Each structure stands twice: as structure tokens, then as C-alpha cells.
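Next come two complexes built around chain A: one with chain B, the other with chain C.
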Partner chain A sequence: MLKVETREPEERFFEDFFEGQEFPTVTKGPMMVGDQVRWAGACDNYESEFHHDEYVAKAQGLPGIILSGPLMASLLMTAVIQWTGRHGRLVRFFDQNRGSTMPRDLAYLKGRVKRAFEEGGKTFVELDCSITNQRGEVTTPGSALVELPRRGR
Partner chain B sequence: MELISDAARALIGTRSDWAEACHPVEASEARRFFQAIMDDSPRYRSEAAGSRYGGPVAPPGFPVHAFRRPASDATDPLEGRGDPEFDGSSRLLRHHLPRLPIALEGVLNGGYEYEFFSYARVGERIFSRSTYRDLRQREGRSGPMVLVIIEDEYAAGTELRPLLRSIATTIIR
Partner chain C sequence: MSAVTEPAPISDAEAERYLQSLIGPIGEDVTTLVELGAVRRMALAIGDLDPIHFDEAATRARGHRGVVAPWPLLWLYFFTCTIYEHDFPFGKATVHGQDEYELHEPMVVGDHITIRTAMVDAKLKHGKTGRLGQVVSERRFTNQRGELCAVLRTTLFRR
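Moving on, here comes the complex of A and B:
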């Protein structure tokens, strides 16, 4: 697996964001069954056999083992938190499991500022985010709203 | 073919009572969670970094996955896997909601919409209540499916400090 840098997010403020701003793509993977097993252990949830047994997955009409949608959503949410910095407060997050992530797939986590605005005396950044695989398929479209302080306040 | 029976439709709007996770947030389970989502931000493990939140906290999505099998529950959920007697006619989608009578076997996660209010701190008790919001039948590539929309509210402590609200879409197919 590629080394993924994870640390307390950088210090960023509302003024650091602008409409159309692209965040650096975060690459996860190749995702492996081990990632799914670790997620199942973290959630104490082992009941969906198709997440770890290829025979069962194919018998259920799936192309093979698929990684859990909430795991992929959590990876995307982590990227949003990292992109928007340590002072950001995640207000809303939305994701849709449109396609499957399978073992040995890469996951490219992408984000772009849709809107930066002030409302009710608070400042927010709204962004579109997604996971795309190595075939260019968007498996997990999403969006997020983050409250950010102004610099110096 | 109509898959949403009157009995299933009658459950729309049903809201559970508050239910408590089987134990308060443990540092080790928060660790397993942030390692699984590949986020080792110090706020999840360091008193100093978490001081802004009153101590180390669990990742924002953690409460959704905090309702585990209690130690007192002798029913092994893995028993009966592949049970030929299972007719796929009734699903327990939340432990504190009534079973949903939909006669399809497969279950997939369709996605989430989260609204966040605060972090759950290590040592805090977590509570949840759930509501069947809607049932929608759709025609998918592999046949008919039913989308089950469930709203979940999560809160911490006996004062029920809001943690997050989730709208989850579950696909039964």
C-alpha cells in the first residue's frame, strides 16, 4: 500500500479558500481485502459475507468482493477534514455509493470548492468531493459543508 | 410487482426510543476506528490536541458504528449464515426499530447524509434513536429494489448532547 500522510490538519482560514479551488488529490490504495477486514473489525460488523467472501459476493450478483461504502465515505470525509484544516468544523457531509470499490482498486479522493460564503455572521466553505478509481469511474460522489473562522478572529 | 406491502408502508414514521450503545466510547475502539479510516489526527489520541474538545475524541462518523453486540447477548449473529430456511422476508435494520417486511434478500448501503454537531469524547456514553422516513421501490440493473430511508440521531451523555444526525439509504434487492 502507498504511504498515506495523515496528521493533524494544517492551519487554514476562510480567506484561504475560493470558488473553483481544487484540492490536492489524495490517493489511497491499492485497496485490499485487509482494508475491509480492518474496517469490519473497527465496527464489529462481520455479517455481510459479500465483503469478505468472493463466492458469496458472486452468488449475490456482485462482481466480486466489494469494499464497504461507509469505509469509502469515511476516507473521503477524512480528506475533507484534512483539506479544510484544523479550525474547520464539518457541518454536513453527503455521499452516494454509486459504484463499487473492489480489491486492488485505487481510490483517488478529489475535492473542489463550490462556494465560499457568509451566513448569519458565520463563514462557510461548500465543496464537491468524490472518489474516482483507476478506470476513471466516479464510485462515490459527495459534498460537504465546513464552517471556518476568519483569519485573526 | 409491488414489494412494499401495506405492513411495510405502515412502518413509515415509526420512531424508536433512545437506545444506549453497550459501553461508553473506549480509547481502543476509537483507535481501531481511526486506523481503519486512515486518519491518525492527534485529536483522536492526545489529551493536548483534544483539549479543544475536552479530551481525546472519536472521529465524527464513529457514533454511527458504535452500536455493537453487548457482552450479554448470547445470540451469535454469524450463526445461521446461509440458513436455507431464511425466507428473506424480514429485515432488522436497526436493533431498536421493528423488522421491515420486504421480501428481498440482499442488502447494500446506498449512502449517507450527515449533519454534525459535536464529537463524542472518549469515555462518553452514546445514545441513538431512529425513524423509518421513507420506502421507495426502484427498478435496478439486476431487478427490483427497495430504498429504505432511515433517519438516525446520535447524542452523548445523559443530557443527550447532539452528536450527529444521519439520513441513511439502505438498498434491499
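Moving on, here comes the complex of A and C:
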């Protein structure tokens, strides 16, 4: 198997985050049917034909192929993990499938620190995150809680 | 997750009774192995190139027990180990509304993960678009050491 060119997330600590901090937007796409097919392969799930067959999607009254909500949420979750760095421990993640992502759509992954706090001797960063498409529609609002160590501990 | 067939109309009371009947365990517990190939496929599908998903040495250096599964691998087990579709006797389509993840002990390659599924909430609502069924299923993922790895709560809407 070919070696994958890996990339370690940056080293970040609790002190590196503050309320209102915005993370660099991650742009994904244009999203393609291939992204959906790869996701279906990773999930070993091909049952929802409307996710990869336009004929079926339109026959079901959809405007076309719709990419999977959990796929889009997983991209957002991965962005959260990247933003918070290699020492972060994702504790909680939430997402809503509010709008559809269709082939050739762009996905702008955004995140903002809502709160940085200490509780029970542990330090956490709470984030609001979302995916917005090229029309400015928020398709996937979400939130996350990440535990982070203090620097030097 | 979607279906287009519309069953014969039923009353709100019947719809509520059906929804309430869903509450409780769904199917048997299922145990599955976390495989290296599956971890790699998922990491590549979501573009998570952290070496802890690919390289044993990198994982040990970061203090993990083995090659770490990216959390979206929960969806592989969701689709292959659990019952996730329901024959609603009302409405036209089922929509996957939202997901809530509680994340605990990382799953690593070689772990045996047991998944327990239950319907934890089901209710009938009336919204702008008419009758709406809302069901919340919960999947608990536990490793062979008895450690809780994750809880995934999925909300489906039936319109």
C-alpha cells in the first residue's frame, strides 16, 4: 500500500484560545459525487441510492444528488480537531443537517471560540462551528467541546 | 435516509402509539473488530491526515494504545452493525436531522467494539409543514476493556 503523506496537527494549548477567536476558514470542494462515493465506501453503505444516483434522486423528488449529512459533519469535525491541535481531546460534537450539499457546491468550514473555561481541574474550549455554501447558506451548524492541556503540563 | 412511499393515513393517536412502541432496545448488541484498512479508508475519505490514523510509531509517540480510528468511523459501525431504518406508518419521507456525539476512550486498531442501540425518545409534533415525527436513537460503543468509547445520538424526522 502506498504511504500516505501525513500531516500532524499543530501543537496548541489552552492558553492559545480566547473567547471570540475565529479560526481560519477551511474550504472544501467543489464537492463531487466521488467524495460521496468514497464516504459510502468508508461506511460500507450504498443503500441510499439518492446519494450517488441522480436519476433515483430526481425520481424521489430531490433536486439532484445530495451528499450525506454525516459526511459533511465529519469534515467539520475534522476541521475542529485541526484547529484545536494535536493535544486537543474532542469531548462533544453536535451538528444539524439544515441544508443540502450538492455536487459542485463549495463548503466553507468556519469555527469560533464561544468559551474557554476551567472545570473540575480541567481546561476546555467550547466552539461554534458551521458549514456555509457558496450561496451563503448555512447547511451544517454545529458546536464542539474540546479538552486542552495548559502549556507546560 | 429517505423513503417516498406514503402509507394509508392514520390518526395522530395511532401515530403517537407507533412512535411510543419504538422506545427501547433495537436489535441485539453487536461486536466488531476495528480494522486497519477501515481506519485508513475513513481517514482518507474525510481528509484527516494526522499520522495517528496511519502509523503505529506516531500513535505510540502521542501516547495512544495503537493506530487511532478517526471518530467518523462510528458511521461504519452505525451502518453495518445497527438497525437504522424504520417503517413509519405515516409521512412521506425520513430526514436525518442531527447528531450528537459524546466522545471518550479512543478506538484503536485491534479493539473489539460492542455497539448497543436503543430508541431513547420519540414524539409527534405539528409544525408549519404539518405532522412531524421525531425519533432519537442512541448507540453506545464500548471496547473489550469495558471502556465507553462513544455515544452517538441520532435524530430522524418523519414528515
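Simple rule for what comes next: the second predicted complex is superposed on the first by the 147 of 153 C-alpha atoms of A that agree within 3 Å, B and C clash if a C-alpha of one lies under 4 Å from a C-alpha of the other, contacts with A are read in each partner's own complex, and residues count from 1 in each chain.
Please note the rule applied: a contact is a pair of C-beta atoms (placed from the backbone, for glycine too) under 8 Å apart; a residue touches a chain by one contact, two chains touch by 3 or more.
What you see is a predicted model; the values in this text were computed from it and never measured.
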Review point. When the two structures are laid over each other on chain A, do chain B and chain C clash or fit?
Key: clash
**Study point:** Which of chain B and chain C A:Leu90 touches, first, second, both or neither
**Key:** both
Practice item. Mind working out whether A:Trp39 is in touch with chain B, chain C, both or neither, as first, second, both or neither? Key: both
Practice item. With the two complexes superposed on chain A, say which partner A:Gly61 touches: chain B (first), chain C (second), both, or neither. Key: both
Review point. After superposition on the shared chain, which partner residues are touched by A:Gln21: those of chain B (first), chain C (second), both, or neither?
Key: neither
**Study point:** Partner chain(s) touched by A:Leu75 [first = chain B, second = chain C, both, neither]
**Key:** both
Check your understanding: Both chain B and chain C touch chain A; at which residues?
Key -> 4, 6-9, 28, 35, 38-39, 41-45, 47-48, 60-61, 69-71, 73-75, 77-78, 81, 89-97
Exercise for review: Spell out the part of chain A that touches chain C in their complex, as residue ranges.
Suggested key: 1, 4-9, 28, 35, 38-39, 41-45, 47-48, 50, 60-62, 69-71, 73-75, 77-78, 81, 86, 89-97
Review point. What residues on chain C touch chain A, complex-wise?
Key: 1-2, 4, 38, 40-51, 53-55, 58, 62, 70-73, 75-76, 78-80, 93, 95-103
Point to revise | In the complex with chain A, residue positions of chain B that touch it | key: 29, 32-33, 35-43, 49, 59-61, 64-65, 68-69, 77-78, 81-82, 105-116, 142
Review point. Contact residues on chain A for chain B in the complex?
Key: 4, 6-9, 28, 35, 38-39, 41-49, 60-61, 68-71, 73-75, 77-78, 81-82, 89-97
